[in-house]
Amino acid sequence: MAASSPNEWIEIMEDELPTAVVHEFLYAGEGGGVCIFAGTTRRFTGEKETVRLFYEAHNSMALKEMRALVSRATETWPVLKAVLLHRTGEVAVGQASVIVGVTTPHRDDAFLASRFLIDELKKSVQIWKKEVYRNGSTEWVETDWES
Amino acid sequence: MAASSPNEWIEIMEDELPTAVVHEFLYAGEGGGVCIFAGTTRRFTGEKETVRLFYEAHNSMALKEMRALVSRATETWPVLKAVLLHRTGEVAVGQASVIVGVTTPHRDDAFLASRFLIDELKKSVQIWKKEVYRNGSTEWVETDWES
Amino acid sequence: MIVTLRFFSVLREAFGAGVVEVELEAGTTGAELIELLAVNNEEVEKLQSVIRLAVNDDYIDPTSLLSDGDDIAVITPVSGG
Amino acid sequence: MIVTLRFFSVLREAFGAGVVEVELEAGTTGAELIELLAVNNEEVEKLQSVIRLAVNDDYIDPTSLLSDGDDIAVITPVSGG
């Protein structure tokens, strides 16, 4: 699944997220501010040690929702370039499962738009996360339903 | 000038900023949230077309101030890893002159800490920027003095 | 009528399959389908109030009538990121 | 006494050099040094109210006395980022 427009790169992928290419893509916006958020696997949550995560997506719905979120961001802020990438399958501790990035003329908007994208992605994009703990047990992460 | 601690990478460099290495460094914090801001050269400001920037630093004072800013961030938020890199010399349009990055357990703090670092860097770090325009003219950027 | 159901995460594991075909009476609504699934599966029962259905990648109203051939995703609260 | 002055950006270009040694009377303060520079240089005159001096990488008070051998950075408003 490739970029949906020259200024938007929205993709669900099984491989490691290509961070250097994300920077190149966003810098090409020739804006002044680039804000990137990467969600990585946190090793400890309280006493529990996570060794990896497993992500599953309803790909077609998730991509549609990701495109809708980028559209909303673009309508709200002067977005020159936007990236929204999410991995599925196994993700080891210390790797990124999601990368959000935005280029805008000024930095205020880059921070606000990328904050919006990661917050909304977590609420509405049809992707589910399972924690795999050191002791071998696994758990699908439960979240509050927000419609 | 190398990293000042295993968790802080503060440097002034003449070469292109190493984005992939920045991600690796920040992911190694094993936190949950990584926020990176890159300041890139904006091509147009009003009617004026910038073709490149030139940065000059008082290196020893600038590094000292950058370390102080990272310390303040670390005292205020639960920062696991922090990156503060600034280029000097010529920077072309579409390249980053500065990269700020923070890893924290939760994303709120990553956004706040990196926002703090870029805002304060622009106010207090002893680095100066000259715009080089398409028509050949140049201009040292003037800013408000904030002590 | 025959519809296709798609399960993910907790429900995929609870049903032991990601995609199943089921026969429903004509005139079944979305809410009624969830009721039917809840009778035979305690994960569905537990999540019943927060499950949403989507047909052809669009969420539907619980009162919507399902149609023969519908491709129905059974969506539980998401947890990506 | 002899001190070293370091200029950057606008002032480096205005003075045509980044580092210069100057002779000052003993007992000269930071504010007096800026006055002296302003007399001979219109960029310093223009920026006089916002220039700060640093000795050995620490900002000093305008009333501080300078000492023989001081390495003095003449800092104008910064514009990095």
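Letters A, B, C and D mark the chains in the order given here, with residues in each chain numbered from 1 onward.
As a working rule, a residue touches a chain if its C-beta (ideal position, glycine included) is under 8 Å from a C-beta of that chain, and two chains touch if they have at least 3 such contacts.
It should be emphasised that the depicted structure is a prediction, and the values quoted were computed from it without experimental measurement.
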Task: Neighbouring chains common to subunit A and subunit D, by label - done: B
Open item on the list: Taking touch as defined above, what minimum step count separates subunit B and subunit C?
Closed with: 2
Task: Where subunit C and subunit D are represented by their mean Cα positions, the distance between them in whole Å - done: 74
- [ ] Could you tell me the distance, in whole angstrom, between the mean C-alpha positions of subunit B and subunit D?
- [x] 26
Task: Centre-of-Cα separation between subunit B and subunit A, whole angstrom - done: 23
TODO: Pull out every residue in subunit A that's touching 2 or more other chains.
DONE: 39, 118
- [ ] Give the pairs of chains that touch; include all such pairs.
- [x] A-B, A-C, B-D
TODO: Spell out the residues on subunit B that touch subunit A in their complex, using ranges where they run on.
DONE: 19-20, 23, 26-44, 93-96, 103, 105, 107, 110-111, 115, 118
Task: Interface residues, subunit A side, partner subunit C - complex - done: 39, 55-58, 60-62, 64, 86, 97-98, 118, 121-130, 140-145, 147
Task: Touching residues (chain side subunit D, partner subunit B) in the complex - done: 6, 8-10, 12-13, 50, 52, 54, 57, 73, 75-81
